[in-house]
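Per-chain residue numbering starts at 1, and chain names A, B, C and D are given in the order in which the chains are listed.
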Amino acid sequence: MSILIDQNTRLLVHGITGRQGMFHTEKMLAYGTNVVGGITPGKGGQWVHGVPVFNTAQKAMEATGANCSMISVPARFAADSMYEAADAGIPLIICLTEGIPVQDMIEVRAYLDRLGVRLVGPNCPGLITPGKPGRAGMSGTKVGITPGSIVMPGRAGIVSRSGTLTYEVIYALTSRGIGQSTCIGIGGDPIIGSNFIDVLRMFEEDPETDRVVIIGEIGGNDEQLAAAYISKSMTKPVAAFIAGRTAPPGRRMGHAGAIVEGASGTAEAKIEALEAVGVKVADHPEQIVELIS
Amino acid sequence: MSILIDQNTRLLVHGITGRQGMFHTEKMLAYGTNVVGGITPGKGGQWVHGVPVFNTAQKAMEATGANCSMISVPARFAADSMYEAADAGIPLIICLTEGIPVQDMIEVRAYLDRLGVRLVGPNCPGLITPGKPGRAGMSGTKVGITPGSIVMPGRAGIVSRSGTLTYEVIYALTSRGIGQSTCIGIGGDPIIGSNFIDVLRMFEEDPETDRVVIIGEIGGNDEQLAAAYISKSMTKPVAAFIAGRTAPPGRRMGHAGAIVEGASGTAEAKIEALEAVGVKVADHPEQIVELIS
Amino acid sequence: MNLHEYQAKWLFAQHGVPIPKGKVATTGSQARSIARELGGRVVVKSQVLTGGRGKAGGVKLANDPDEAESIANQILGLDIKGYTVRKVLVDEAANIRDEIYLAILIDRSRRLPMMMASAAGGMDIEQVAAETPEKIFRIHIDPMIGLRSYQSTYVASGMDLPPKLWREFHIITTGLFDAFRAVDASLAEINPLVVTGENGLLAVDGKLSIDDNALFRHPELAEMRDVDEETESEREARQYGLSYIQLDGNIGCMVNGAGLAMATMDVIKLYGGEPANFLDIGGGATTESVTAALRIILADAKVKAVLFNIFGGIVRGDEVANGIVEALKQIGSDIPMVVRLLGTNAEEGLQILADANMATATTLTEAAQKAVALA
Amino acid sequence: MNLHEYQAKWLFAQHGVPIPKGKVATTGSQARSIARELGGRVVVKSQVLTGGRGKAGGVKLANDPDEAESIANQILGLDIKGYTVRKVLVDEAANIRDEIYLAILIDRSRRLPMMMASAAGGMDIEQVAAETPEKIFRIHIDPMIGLRSYQSTYVASGMDLPPKLWREFHIITTGLFDAFRAVDASLAEINPLVVTGENGLLAVDGKLSIDDNALFRHPELAEMRDVDEETESEREARQYGLSYIQLDGNIGCMVNGAGLAMATMDVIKLYGGEPANFLDIGGGATTESVTAALRIILADAKVKAVLFNIFGGIVRGDEVANGIVEALKQIGSDIPMVVRLLGTNAEEGLQILADANMATATTLTEAAQKAVALA
C-alpha cells in the first residue's frame, strides 16, 4: 500500500526534546504515526507529547521494539545518531538534518551499507504515506515534516531531492485530484542514503503505486542513473521536473549537492537523459499534473 | 590432495628483492612452487631467479594472473602490502612478516574479511604441501619457509601457531614414516587471518587428509574454540600438543600472542578443553607420533 | 569556502608538503623586501579567489627586488574577473623541470575521496581529461584506512616519475590527503607539483575548498575567510543564514526552499524574464529574515521587480504575509512586487497582501508572468 | 613496554583527559618543594613498573610539605616486588567522592579495541568481573570510526553518572581512545577515574602498555623506556634482539623459535628439572647471537646446566655447532652443557660438538633427561 513506512512503523525520534523534534513529533502523532519513543542523552525518563524519552537508542529499543529512526538533531551530532540507530538494530533511518559534513556522510553511508541499514536523507523532508480515511486501520503515516494537509491518498509515487518544491508538486496533484501512494524526499546533499533508483525500484514493486513523479535538480548524475534504470526496469509511467536550468555553473544553489560541476551536472543533461528514455519532463512544476494524468 | 595451495597456485612474492625474499624464492622454486612474479616498488623490470619483478601488485596481476601472495616485507610495510594484494584481487595472502603492530592487524583483518580475502599469518612459516614423486604433475608446493627436506607426502594435516616447533613435529612424523597432506603455520600473533577452526574445517573436507595434528600454545582461546568445533564437526582423529605449561603468567613468550592473560590463556585450560572432547594431547612434541599413529 | 593560494599552501606545508619559501605583501615595498630576503628571483602572484590569474596578468616573474616591487605595484589593485587584487604572494622562483597535476576531491558517484594525478601538470585538468584521458590517474581512497603507499607507487610509476622521487611523492600525496581530511576539504589541489632541476618535488600552486558544512569544527579556518572577496550582499546573506547568489537579470526572487528557488528562477526565464538572484530564506520566513532578504535583493540596482514565492507548509500563509508587509514598511521601496503564497492559510495571506496593495498570484506561472510584465 | 604512571597520565592529558597537578621527584627535598607549589596536601606515589604499590606502602597521603618530604624519603629506595623505587610522583590530593574504572584494551577474540568501565573503580577489575560481572560495561569500538558519543552515553547512564558529567565523561573516553590509538597501546587504563567533591572528573591513576611491535613508529615513546627497571640481562637480550625471560630454575635453555623454546622448557619440567629461562635466539643462530645468549644465560648464578635445542632447518647443523664451539671458547665456562641438534646436517654438527667434548642428544627427551641429570 506504500513504500518503506506504514501502520507497522514504530518510530524513534532522535532529538525529540529539541524545538523541531517536539513540534514534528506532535504533527506526526496527529497524522497517525506510531511514535514509540524519543532519544535525548540526559533526558531519559521525560515524556514528550506522551512519548517516552530515553538516553540511548539501545535502551529505547529494549523498551519499545522500534523499527524506524528519524534523526532530527543538530548537524554536529547527526553522524553519531545514525551510528547509534544502526548499532541498536534499527533497519530504516530517516535523517532530516541539514548541514552534515560530506566526509562524515561518506563514512556513515559506508558503515550503514555494511550493516544493511537503509537510510533516507540526510537534508530531506522525510516520507509521508497518506491515510485512506474510508478504510479501517488505514490512517496515514508520516516520518518527517511534509505537511499532512497537502497530501491525499492515491496511486502516484513521488520522489524528490527537494523540500518545498516537492510540496508544490504534491499540492498541484492533490488540487487536481491525483492522490499519492507515498511521497519521499531523498535529500539535497551530495552523499545521501537512498537514491532515485532505490526508490524507483520500490515504487515499481509496490502494487498500490501505478505512476511515479521524479523531482530532480542540478548536480551529480543521479537523474541519469535513474533514466538508465527506468529504461531497463520500469513498467510504470514516470514524469519528471528538473530544477536549475538557470543555475550558473560552479555555485552551490542552497542544497549542498546542487552544484553544476562538469557537463553531467546540468539540468539540460539530466532532462536529455530522461527524455531519451521516454520520461516526460515538465517545463514548470505545475505542468507535472498534465504529464502524469 | 591438499588445502589452500597446490600446483595451481600462481604465487607473487612481495619483497622479492630483499635478502629473505630472494632466499626463499629460490627455495620455493626449487621445491616446485610456481612463483610467477615479485613486487618491490622501484625495482620493476628486474628479475630474481628468473622471476619478473613489478612495481605494484596490480601490474603484476595484469602480467601474471597470480592467485596467491606471500608477504615477506619489513613489518612497517606489511599492512600496505596486504591491502595492495587484496585490492589487486588476490584471494589468498600468506603473511610471514613478524612484528606487525596489533592495531594495524585489526584494520587489515577487518578489511580483508570485507573483501572475502583469506589470510594466513602473519608471523607464520607459511604452508607446504609435500610432493608425490611417483605421480605425474604432483610435485610439491610450498609458500613460506618450512624446509622442504623434512616433509614427506602422506595423509596427516598439520596446523600450528609456531615455526620450529612445527618442524620438530613434522620431522618426528616423517622419521616414523607418517607423511603429511599439508602443513600450515597460522602464526603466533594475537590477531591472525586464519585460525584453528578455519584450517580444521578445510582438513575435514580434504579427501586426502585422514588425521590432523594441532600444535597450540598459551595465549588467547583459539584452542578452546577448536575443541568446540572438533566436538561438533570433526570426524577425523585429532592429536595435539600445547606449548607453554611452564610459562609464567603476564609475560610474552617470544610470540606476540603467547601471553597468559586470564584463566583461558593457560596451557592447562587448553589441554583440558581438548581432552574433554576426546583429542589426545601429547606431553612432549615427539609423543605426537604415538598419538596419531 | 575557498582559501587563497597562500593559505592553501601553508596548510599543505603543515602536513609535510614541500612548498616554496614565500610571504604575502600588500604593498610594493613589502614585496621588494621579501624578494631581497628570498635572494632576488621571485614570482609575484595575485591572491584572489578566482582562476585564470596568469592569463589576466596576475602572476609574474621578477628577477630582482626592484622588479618585484614594480610588478607588485602593477598587480596590486588589478581587477581579475571582478575581484580586486589586495594581496600578492611573493615566492622564491622554482627551477622547473616537469609539472605534475595532483588533487584530492570527493567522487560523488562512488561516494569516496579520489586522488587525481597527471604528468600533464600546469595545464587545465578538464582539458587534459577531454583530450588525453589516458594520462589521468584516478585512485579512490578508503577514508577509513587512508591513502596507501602502494597507491602512490601506482601513480608515480604510471607517470614515469623517477623511482628515487617515489618516496617523496608518497609523502606529498599522504600529506595532501591528511590536509584534505583535517580541514574537511571538498577539493585539495596542487597544480603544478613541480619536479625541480635539483630533482626534488615542490608544490608551486595550491587550491583548497572547504566544506561549508564542516566549518563548525574548524573555527580557525572560518576565520581565514577573506571577507574582502565577498560582496556586501553576500556577507549580509551569510550573516542572516540566507542562501543568496547574485545573477545578471532584473527580477529579484525570494523563495523558501532551495529547490523551489531554482524552480522559480527557471519559470521566470521560461516566461521571458531574467532572474536577478537565487535566494532561499529557509524554513522560517520570519519578519526578520524577510526584511534582511528584501534589503539584499533591493541592494542590486539592476532589480526592476521582485517575486516572492512562499510555500506555507509549516509556516502559515497569513504569518508570512504579515512578515512581508512589515518588512516592506521598514524598507520602503517603489520597485513592483508580486507575492505568491501557497499552502496553509494561503487565502488569508493573499487577502492581507491585497489589502496592502500588493500584486498577488496563486500559481507560479501566474506569478512569474506578472513579475516579467512588471520588470 | 609499560610506562610509568606519570608518563601514562601525561600522555592522557595531551589528549584532553583531566589529571591532577603534579611533578616527579627523586629526592625528599624535591618532593617538599613540589608539595609547597601544589598548596600542601599531596599524594606521594612510588613510580615502579609493577602493581600493588599501595599495599606495599608505596602510595601515601601527605598533609603538608614537611610530611611530603618525610614520606618521599620513606618511599624512595623501597623495594616493591623486586623493583627499587627511584622516583615518586607528587600529585595534588583529589577530593574523592566516587571512583570509576575505565580502560581500553584489545579484545583478541572479537579482534577489536574494547572499552571497559565500572562504577566500582579503585578496586581490582578482575575481582569485580568475578564477583559482580553486571557492574562491568564492555563496549567494542570500530577502530575505523572511533569511539562514538552514544557509546559513552550508554556507559555513563548505565553507571548512573549524573547527566551533567556525561559530556566530560565523553571527552575523557574519547581522549583515552585517542591516546590508545596514537601510541599503539595494548592497554590504556584509568583506575580510578574520580568523581570529585567539586563534581568534576579526574584521572587519578593511569596505566599504559605499548605494543612493542609498534615502537618503530614512536621513537619518542621508545625513549621513555625506564632502563633502570630492566635487569642487565634483559637489557642485553633486547640489544641483541633475543627474546629472554628469566625464571627460577637451574637449567638454562637456548632454543631457536619461541614455540620450540616453550616446549623445551615444558620437557625439562616433564623430566623433573626446572628451566632457568625462556630464550629464543631467533632464526639465525650465528656465532654472535649464540655468544650473547650464552653470556646472558650464564650471568644467572642459579644456572647449573645448559640445554641447547636447535632445529637446523634453514641454518645447517654444522654451522650451528661451529657457532656454539666458538662461543664457548670466547666465554669459557665449567657449567655442563647438552646440545641437541636436529634437521639439516645434524649429524655433522653433532660430530663437531662431540669432538669438542660436549654432551649431545638427538631427541628432545634424551636432551632434557641429560640436562636434568647434569644440573
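Simple rule for what comes next: a contact is a pair of C-beta atoms (placed from the backbone, for glycine too) under 8 Å apart; a residue touches a chain by one contact, two chains touch by 3 or more.
Being a predicted model, the structure only gives us computed values, none of them experimental.
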Both-way neighbours, i.e. chains that touch chain C and touch chain B: D
Between A-D and B-D, the pair with more C-beta contacts: B-D
Chain whose Cα centroid lies at the greatest distance from that of chain B: C
Intercentroid distance (Cα basis), chain D paired with chain A, Å: 54
Rounded Å distance between chain A and chain C, as computed from the means of their C-alpha atoms: 29
Residue list for chain A, restricted to those that touch at least two other chains: 107
Where chain C touches two or more other chains, by residue: 144-145
Arrangement of touching chains [line / ring / star / complete / other]: other
Every chain pair meeting the contact rule: A-C, A-D, B-C, B-D, C-D
Chain C partner contacts - residues on chain A that touch it in the complex: 23, 75-76, 99-104, 106-107, 109-110, 145-147, 149-150, 160-168, 171, 188, 190-191, 215, 217-218, 220-221, 225, 241, 243-248, 251-258, 262, 267, 283-286
In the complex, chain D residues that touch chain A: 142, 144-145, 148-150, 153-154, 157, 163-164, 166
Of chain D, residues touching chain C in the complex: 144-145
Chain D residues within the chain B interface of the complex: 106, 108-109, 111-113, 126, 143-144, 181, 184, 186, 211-214, 216-217, 243, 245, 247, 255-263, 265-270, 275, 278, 280, 311, 313-314, 342-344, 363-365
Chain B - residues contacting chain C, complex: 41-44, 55-59, 77, 80-81, 83-84, 87, 107, 111
